[in-house]
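The data blocks that follow each hold one structure.
Two complexes come next, and they have one chain in common, subunit A, joined by subunit B in the first and subunit C in the second.
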Partner chain A sequence: MFEIEIDGKLVNAEAGEKLIEVTDRVGISVPRFCYHEKLSVAANCRMCLVDVEGAPKPQPACSTPVSEGMKVSTQNEKAKSAQKSVMEFLLINHPLDCPICDQGGECELQDVAMSYGSNVSRFNEGKRVIADSNIGALIHTDMTRCIHCTRCVRFGTEIAGIMEMGGTGRGESLKIEPFLNEGIQSELSGNMIDVCPVGALTSKPFRYELRSWQMNSTESIARHDLVGSNINVQTYKGKVKRIVARSNDSVNETWISDRDRFSYEGLSHSNRLLKPQVKFDGTWKEVSWEVALDFCVKGLLRSAGESNSMNSLGVLASKTATLEEYYLLQKLVSELGCENIDYRLGVKDTKNTINLESNVKLSDLEKIDHALIVGSYTRLEQPMINHRLRKAALRGGTVDVINSMQFDFNLALNNENIIIPCEIANLLASTLKVVLESTNQDVPEELNKLTITKSATKIAKKLLSSDASVIVLGEHVINNDNAKNISNLVAMLAKNTNSSTLNLSKTGNSIAADIAGFFPGKDGLDVNSMLGKDMNAYIMFDVYPEYDFHNSSTAIKALSDKNSFIVSMNSFYNNNVADYSDVMLPISSYYETSGTHVNIEGEFQTFAASVKAPQESKPAWKVIKVLADLLDISGFNYSDSSNVLEEAKHNIKQGHRAEESINITDTNSVEVIWQPSPYSIDALLRHSDSLQETKIGQINKATMNSSTAKHLNLGDKDDYLGVPVVISSLVANNCVFINANKSTPSEEQA
Partner chain B sequence: MNEVCFKNIDKKEPWSLSTYEASGGYSVWRKILKGELSPENIIDELKASGLRGRGGAGFPTGLKWSFMPRNSDIQKYVVCNSDEGEPGTCKDRDILRFNPHSVIEGMAIGGYVMKASVGYNYIRGEFMEPFYRFEAALKEAYKTGLLGKNISGSSVSFDLYTHLGAGAYICGEETALIESLEGKKGQPRFKPPFPANVGLYGKPTTVNNTESFASVPEILAKGGKWFHDLGVKNSGGCKLFSVTGHVKRPANFEVPMGIPFKDLLDMAGGIRDGRKLKAVIPGGSSTPVLTADEALAMNMDYDSIENAGSMLGAGSVIVMDDSTCMVKTLTRLAHFYYDESCGQCTPCREGTGWLYRILKRIMDGDGKSGDLDLLNNVGSNILGNTICALGDAAAMPVESFLRNFSEEFEYYIENGKSMVKDNV
Partner chain C sequence: MFDKLIKIFKDFTLSELLLGMSVTAKELVNTKITVQFPEERTPISPRFRGIHALRRYPNGEERCIACKLCEAVCPANAITIESEMRDDGTRRTTQYDIDLFKCIYCGFCEEACPVDAIVETQIFDYAFESREGSVLTKERLLEIGDENKKLIDKTKLEDSKYR
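What follows is the complex of A and B.
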C-alpha cells in the first residue's frame, strides 16, 4: 500500500493495481469503452488516456500499473485533449443517429460523447457501413455501430469459453463478427448485450420496444437454476419488458445465463391461465374467485373427508414454487391432517435417490484445485456454477468427469470417464476402496469383492492429492438404479478425501421445498404411492404432468381415471390439467409475486413482485392463505409474504438423512437417462419463444451408439420414446441419453 | 565501405558457409563454445561499440540485451525481426540474401548472452528468395554442428527456427510480431509489460533487427572500439542505407555513420539527368520529409538528421527530384498507413482513414480551405495516442509535408490540380 497523487488528491493504491481501478475506487471518473472489470485489459479504445507525470505520451489508465509516488492528471490539458481526440475518432465512423438506435439512452458512447464530444462533426467523408449477419434469436446486431472495443470478443474467449465473436480484417476493415455462420450458441450469450457499450449488440426480443428511461426497474432473483442470479427486472405498464444482470460477486458476479435473461417472454404468452375456472358437468366455466374457491372447499370436504383428517388428499407441487408457497401449502395440508405431500415428481423411486448436502460457497468454487463431476453437463444445466468451475480450471485446477455421455465442456477435462449408468456406482465404490486403502482405513465388507480399476485409481489419486477439491453430483443420476448408493458413495468419498460436495440434482427451488418441509410425513405417501393409490382429492401446484412426472402417461392415467376431485393452481393453461382437474386457479408466474429462492449455498434470496399477476391471476401464496381461511384453518393471518418467510425461517425442516450403506445392484438391459433440455425445465421457459428458437432450445434427441441402436433395432430416422434418434459414439454402450424438449416418455421405460 | 554486413558482398557465393568462415565467420561463436567469452564481456563490447538498433528506433543494443533477466532458469527467446516492410527500406532483404550466416551467428551470440536457448527469425512474407537463402544457411549451420542442443559438448544450446510472415506491415512492430509468431492475429500488445519481461509465449524475449544481429559477430571479432570509431559520436559504426527514388543507381550502401548526405547521393549516381533534388525522406516513409537544402546540408548520423528535422530510422533514403508532386506522394504514403493499420486501437484505425480520405479528396479536386489545418490536427490527434508507433508513423509525414511544401497543397486545393506540371 502506498500513496499516489491523482488530480492533486493523495489516494492509496496497492502494488499491481491499474490506475483505473484506483480512480474507480476513489470515485474519480475516467471515461472508457474497452475496459471492463471482469474482462482482461485490452487498452484498445484509448478513451481512458490520462497524463502521468514523467511520461511523454498520455497513458491509458486501464493498462498503466500504479507505482509509488506517481502523479496523475485525468483533467489537465494533455489528458483532456487526448480524450477528446479519441472521442472524435470514435464518432467519425459511428452513425450519429441516436434517436433511431435501440441503445439510445443507455449508450456509453452517447453518455461519454456528451462530455467529451464536439457538437459539430469535422468529418465530411463517407462513413463506414458494415453488413449485418443474423446471429440467432437472442442478439440483434447493428455492426455499423460497433466501436471495436472487443468486450464481446473477450467475453466469449474468457467467460463463455467459446470464441464465437472475433475480429476479422484489419484497419478500417476490422469487423467484429462470428467466425462461423451458425450464429451465437453460448448459453451465456446475452451478456454480450450487457457488455456492448454501444448499440451494436442489443436484445432481439426487446428490439424497439421501449427506451430505458420509460421503464421501472426492480431488483429480483432469477429462479431457473441453483444459483439464483441477481437481476434487474425492467417493467412498463405492468409488463416485464427486459431482464438484465445485477452485480453480486458472491452469487453471479455480473453475468447471467440466457435462460434467466430471456425467459420473461413467456409471461405474456397467450397460453397463460388468466381466470378461475370450474368444471360443471364436464365443461369449463369461467367463474369469480369466490365461486371457484367455494367450489374447492366444498369439493375437498366432500371428497377427502373431515377438515382435520384428510387422509385421502394428495398434494403435489412442481420445483418452481417460492419458499413461502411451499411453506404455506405444507402448513395448510398438515393442518388438514394430511401427510401426503411431495415435490419430487420426476423421481422414479424417492427411496432410492440422491440425498447429498452442498457445502461449498460459490465464490470458493472458483478457488478449488480439483473437481470430480458425476452425472452432469454443468455447462448447460447449471451455467453459472459451470462458470465458477471454469474459472477454477483456468487458474490451474483440474476437472475429472464420470458421465454416460461425452459433452462439449468449455473447460479442459483432466480425465473423462464415459460409462454406462449402472457402472457409475461400481466405479465410485472402487474409487472409495482405493481411497480407504491408501489412507490405511478399514474397507467395508461390501467393497471387498470389488476389483480396483485403473480409472478408479486415477480418480482417487487426484482427489487425495488435492487440497481443495469438490465432488459435483448432477441430475443424470437421480433415477439411476443405484442413485442412493451413488449419493452415499459420493458423501463417503468426500469425507475421506476432505472434499466438499455440490448436489446439483436439487434443481429449481427444491432446496426451499426441503426447508419448508414439503415432503411426505412419517405416515404420508410419496408421489408414486399417491398415484398408485385411490386418492379422493388432489391439490396440484403448478404441475404440468407431461413434463414434470417421471412417467407422464402413468401419472396422467392415474389422475384421470380415479375420478378424484382435483384442484389445480397453474400459471399456464395445460390440456392434461384441464382434463383431470375440477377447478383451475390462475396463479402468478415468476416476477409476479414476492417470495424467496434458496440457492445452493442455502442463501435465502428474497424478492418483491416486479409486476402484478395478469388479469385475474393472483400471487399463489395469497390463494393458499384464502383457501386456508375458507377451510376455517386458523394461523393464516399474514398480511405480507415477509410474515410467511419469518415463520418459515423458524420452522426449518431437515431433509431426511441418508444412512451410509452401500448395496450395489447390477442391471444388464439398455439404460435410459432422461434429461429435459436446458430450456424446457419449467413452464415459463417452455413458453419463451426466443429461447425455444435457439440451438439449445431445439435440443431434442435420443443419443445412442450404433451398437445400442442395432440392439434396439433403431435407425437415425426413428424415434425412441417419442424423441428423434441420433446415433453417435459419444454415448456409453448400452445407454440412451435423452435430452428432450418434449414431454417425458409416454411408454414404460425399458 | 562495406566493412561489416556487406564485407563479403563482392565474393563468389557470399552467402555460403565457406565464404563466411573464410573471412573469420563463426570465430566468435566458436570462442563462446570453448568458453572463452563471457556474456558480460560481450555486453561490454557491444556497449562500447555504440551499436544502436538498426530497425529504426535506435535503442542501444548492448543495453537492450542487458535488460533480459539473465539469472533465472525460465525459457527465454531471441527473435530476429526480418519483417522489413517500411516503404523505402530493403537492407535486411540483402543481408538475408548475401550474408545469412552473420544473422545466425549474431542470434546465437544473443541467445548465449541472454540465456535464451531458442531463437526465431521472422521473415517478411514476400521475401521468398531471402527465406530460402536463410533456410539453406541454417541447414549448413546445423550440419556443421554450430547449432543445436549442447553444441559440441559445450553445454551451450541454441536452436533457431525460421518463420515466414504473411505480408502485414504491422508485424514489424515487435509485439505484433510476437503475436503473429504465436499464431495469432498480428496486433501489437500494450506495454508495459515489455517483451523483456513478458514476450513470446509469455516468456522473456528480446527482438532485434536483422542488421543489428548481423553486425554483432564482426563487432566482437574486431572489438567494440573498432566499430565505434568507424562512425561518429552517438552513432557508432557503419550502417546500411537503402537509397531509392530518383537516383541513377538505387542500391544499399554500407557506409560509416556521419558521412555527408551529398556523398551518399553521389554513390547512388546522383539525381536523374536534367532534374534537381527536391526532397528527401531520410529514414523510411514514417520519418519527416526534408527539403533539398536541409538534406544537402546534413550528415548521415542520428544526431545530424535529428537536427535537420527528421530521423535516421532504418536508413531508408527516399530521394525525390523536382518532378515529384508532394500532394500525390503524401496521399500515397497516407494510403499505405491506412491500408496497413491493424485496426486495434481507435486513433490509428479511424485516423489513418480520415487522413487518407481528406488527401484523396484534395487529389480529386474537391479540397476545401480548412483541409490543411484539419490534416495537421487529425495527424497530431493520432500522434502519441496509440498502442504502437504505426499511428505516429502515419502522422509524422503529414506534418512535415505540409510544413515544407505547403504552397503545393494550397495550390492543389485552389486549382484542383498539381503545381508540378510534369509530375509522373
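What follows is the complex of A and C.
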C-alpha cells in the first residue's frame, strides 16, 4: 500500500492495481469504453488516456499499473486534449442515428461524447457501413454503430467460454461479427447486450419498444435457477418490459443467464389464466373470486365426508412457488389435519432419491481446486454455477465428470467418465473404497466385494490430493435406480475427502419448499402414493401435469379418472388442468408477487412485486390466506408477505435425513435419463417466445448410440417416447439421454 | 382667473368637440385596420405556434421515427407515444397522441424533433365538439400535416434562415 497523487489528491493504491481501478474506487471519473471490471484489459479504445507525470505521452488508465510516487492528472490540458481527440476519432465512423437507436438514453458513447466530445464534426468523408448479421432471436445487431471496444468478444472468450464473436479485418475494415452463421448460442449471450457500450448489440424482444428513461426499475430476484440472480425489472404502465442484471458479487457478479433475462416475455402471453373459473356440469364458467372461493371451500368440506377428516386431501405444488406460498399452503393443510403434501412431482420414487446438503458458498466455488461433477450438464442446467466452476478451472482447478453422456462443457475437463446410469453408483462406491483404503479406514462390508477400477482410482486420487474440492451432484441422477445410494456415497466421499458438496437437483425454489416443510408428514402420502390412491380432493399449486410429473400420462389419468374434487391454482391456462380440475384460480406469476427465493447457499433473497398481477389474477399467498379465512382457520392474519416470511423463519423445518447405507442394485435394461431442455423447466419459460426460438430452446432429442438404437429397433427418423431420436456416440451404451421441451413420457420409462 | 377665461372661451367655441370630431374625420378617410374574421385574416409570423401537425417526406413516408424526444422534452406531458418495429424493420409509432388541454404551445416538441416531423402550424382557430376531440391522434396529426402541407412548407422555409 502506498500513496499516489491523482488530480492533486493523495489516494491509497496497492501494487499491481491499474490506475482506473484506483480512480473508480475514489470516485474520480475517467471515461472508458473497452475497460470492464469483469473482463480482461484490452486498452484498445484509448478513451481513458490520462497524463502521468514523467511519461512523454498520455497513458491509458486501464492498463497502466500504479507505482509509488506517481502523479497523475485526469483533467489537465494534455489529458483533456487527448480524450477529446480520441472521442473525435471514435465518432468518425459512428452513425448519427441516436434517435432510432435503442441504446439512446443509456448509451456510454452518448454520455461520454456529451462531456468529452466536440460540438462540431470536422469529418466530411463518407462513413463506413457494415452489413448486419442475424445472430439469433435474442440479440439484434447494428454493427455500423460498433466502436470496436471488443467487450463482446472478450465476454465470449472469457466468460461464456465459447468464442462466438470475433474481429475480422484490420484498420478501417475491422468488423466484429460471429464467425459462424448459426447465430449466438451461448446460454449467457444476453450479457453481451449489457456490456456493449453502444447500440451495436441490443435486445431483440425489446427492440424499439421504449426508451430507458420511460421505465421504472425495481430490484428483484430471478428464480429460474439455484442461484437467484439479482436483477432489475424494468416496467412501464404495469407491464414488465425488460430485465437487466444487477451486480451482486456474492451471487451473480454482473451476469445473468438468458433464461433470467428473457423469460419475462411469457408474462404477457395470451395463454395467461386471468379469471377464476368453475366447472358447472362439465363446462367452464368465469365467475367472481367470491363464487370461486366459496365453491372451493364447499367442495373441500364435502370431500372430507361425514367423518370430517382431511386424510384424503392431496396437496401438490410445482418447484416455482415462493417460500411464503409454500409455507402458507403447508400451514393451511396441516391446520386442516392433512399430511399429504409434496412438491417432488418429477421424482419417480421419493424414498429413493437424492438427499444431499449443499455446503459451499457461491463465491468460494471459484476458488476450489478440484470439482467432481456427477450427473449434470452444468453449463445449460445451472449457467451461473457453471460460470463459477469455469472460473475455478481457468485459475488452474481441475474438473472431473461422471455422466451418462458427453456434453459440450465450456471448461477443460481433466477426466471424463461416460457410463450408464446404473454404473454411477458402482463407480462412486469403488471411489469411496479407494479413498477409505488410502486413508487407512475401515471399508464397510457392502464395498468389500467391489473391484477397484482405474477410473475410480483416478477420481479418488484427485479428490484426496486437492485441498479445496467440491462434489457436484446434478439432476440426471434424480430418478436413477440407485439415486439414494449415489446421494449417500457422495456425502460419504465428501466427508472422507474433506470436500464440499453442491446439490444441483434441488431446482427452482425447492430448497424453500424444504424449509417451509412442504413434504409429507409422518403418516402422509408422497406424490406417487397420492396418485395411486383414491384421493377425494386435491389442491394443485401451479402444476402443469404434462411437464411436471415424472410420468405424465399416468398422473393425468389418475387425476382425471377418479372423481376427486380438484382445486387448481395456475398462472397459465393448461388443457390438462382444465380437464381434471373443478376450479381454476388465476394466480400471479414471476415478478407479480412479493416473496422469497432461497438459493443454493441457503441465502434468503426477498423481493417485492414489480408489477400487479394482470386482470383478476391475484398474488398466490393472498389467495391461500383468503382460502384459510373462508375455511375458518385462525392464525392467518397477515397483512404483508413479510409477516409470512417472519413466521416461516421461526418455523424452519428440516427435510428427511437419509440414513447412510449403501445397497446397490444392478439393472441390465436400457436406461433412460429424462431431462427437460433448459428453456422448458417452468411455465413462464415455456411461454417466452424468443427463448423458445433459440437453439437451446429447441433442443428436443432422445440421444442414444447406434447399438442402443439397434437394440430398441429405432432409426434416425423415429421417435422414442415421443421425442425424435438422434444417434450419437456421445452417449453411454444402453442409455438414452432425453432432452425434451415437450411433455414427459407417455409410457412407463424403461 | 386667466384659466377660467380660457375655459369659457373653449366652451363657447366648441373647440374640444371639434378636436374629437377631427379624429373621426381623419379615420373616415384613413385605411381600415379592422379585419372581417374569418373572411379576412391578419398576417401571422412564420414562427407562430398553433395546432400541431406531423409531416411526411416527399415520397409520402411519415417522418416520425418514434425517438420520443418530444415526449421527453414536453413540459406539460401532453405527448404520448407508443412505438414498434414496422414490418419493413423501421422504427415507427403506433400511437402518437397530443392532449391539447395539456399542451402549452411552447414549441419544444418542434425544437426537439431530429427529423422535423412534429411542427406547430399557424392554425389557431380550431375547435372541437366532444371531449375526445381534445386529443390529437396520429391519424389526425398526419391529416393536418397533409391538408396544410403548402402552408407548413412555406412557413418553415421562411423561418429556416433564422435557425
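Note that in this section the second predicted complex is superposed on the first by the 745 of 750 C-alpha atoms of A that agree within 3 Å, B and C clash if a C-alpha of one lies under 4 Å from a C-alpha of the other, contacts with A are read in each partner's own complex, and residues count from 1 in each chain.
Convention: contacts are C-beta pairs under 8 Å (C-beta built on N, C-alpha and C of every residue); 3 or more make two chains touch, one makes a residue touch a chain.
Note that the structure is predicted; figures quoted are calculated from it, not measured.
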Combined model on subunit A where subunit B meets subunit C, clash or fit = fit
Check the residue A:P444 against both partner chains and state whether it touches subunit B (first), subunit C (second), both, or neither.
-> neither
Touching A:G183 in the superposition: subunit B (first), subunit C (second), both, neither?
-> neither
Can A:G602 be said to touch subunit B (first), subunit C (second), both, or neither?
-> neither
For A:S173, decide between first (touching subunit B), second (touching subunit C), both and neither.
-> first
Quick one: name whichever of subunit B and subunit C touches more residues of subunit A.
-> B
Between subunit B (first) and subunit C (second), which, if any, makes contact with A:A82: first, second, both or neither?
-> first
Based on the superposed arrangement, let me know which partner A:G117 touches: subunit B (first), subunit C (second), both, or neither?
-> neither
How many degrees apart are subunit B and subunit C as seen from subunit A, counting from C-alpha centres and rounding to the nearest 10?
-> 80
Identify the partner contact of A:L90: answer first if only subunit B is touched, second if only subunit C is, both if each is, neither if none is.
-> first
Please indicate which partner A:H148 is in contact with in the superposed arrangement: first for subunit B, second for subunit C, both, or neither.
-> first
Distance of closest approach, subunit C and subunit B, by C-alpha atoms in Å | 24
Enumerate the residues of subunit A that count as touching subunit B in its complex and touching subunit C in the other.
-> none
Contacting residues of subunit B [partner subunit A, same complex] | 168, 170, 185, 190, 192, 338-347, 349-354, 357-358, 361, 374, 381-382, 384-387
Touching residues (chain side subunit A, partner subunit C) in the complex = 98-100, 104, 207-211, 213-214
Touching subunit A in the complex, subunit C uses residues 65-69, 72, 83-85, 90-91, 114-115
Of all residues in subunit A, which touch subunit B in the complex?
-> 41-47, 49, 56-58, 60, 63, 65, 82, 85-86, 88-90, 92-93, 122-123, 125-126, 128, 147-148, 167, 169-174
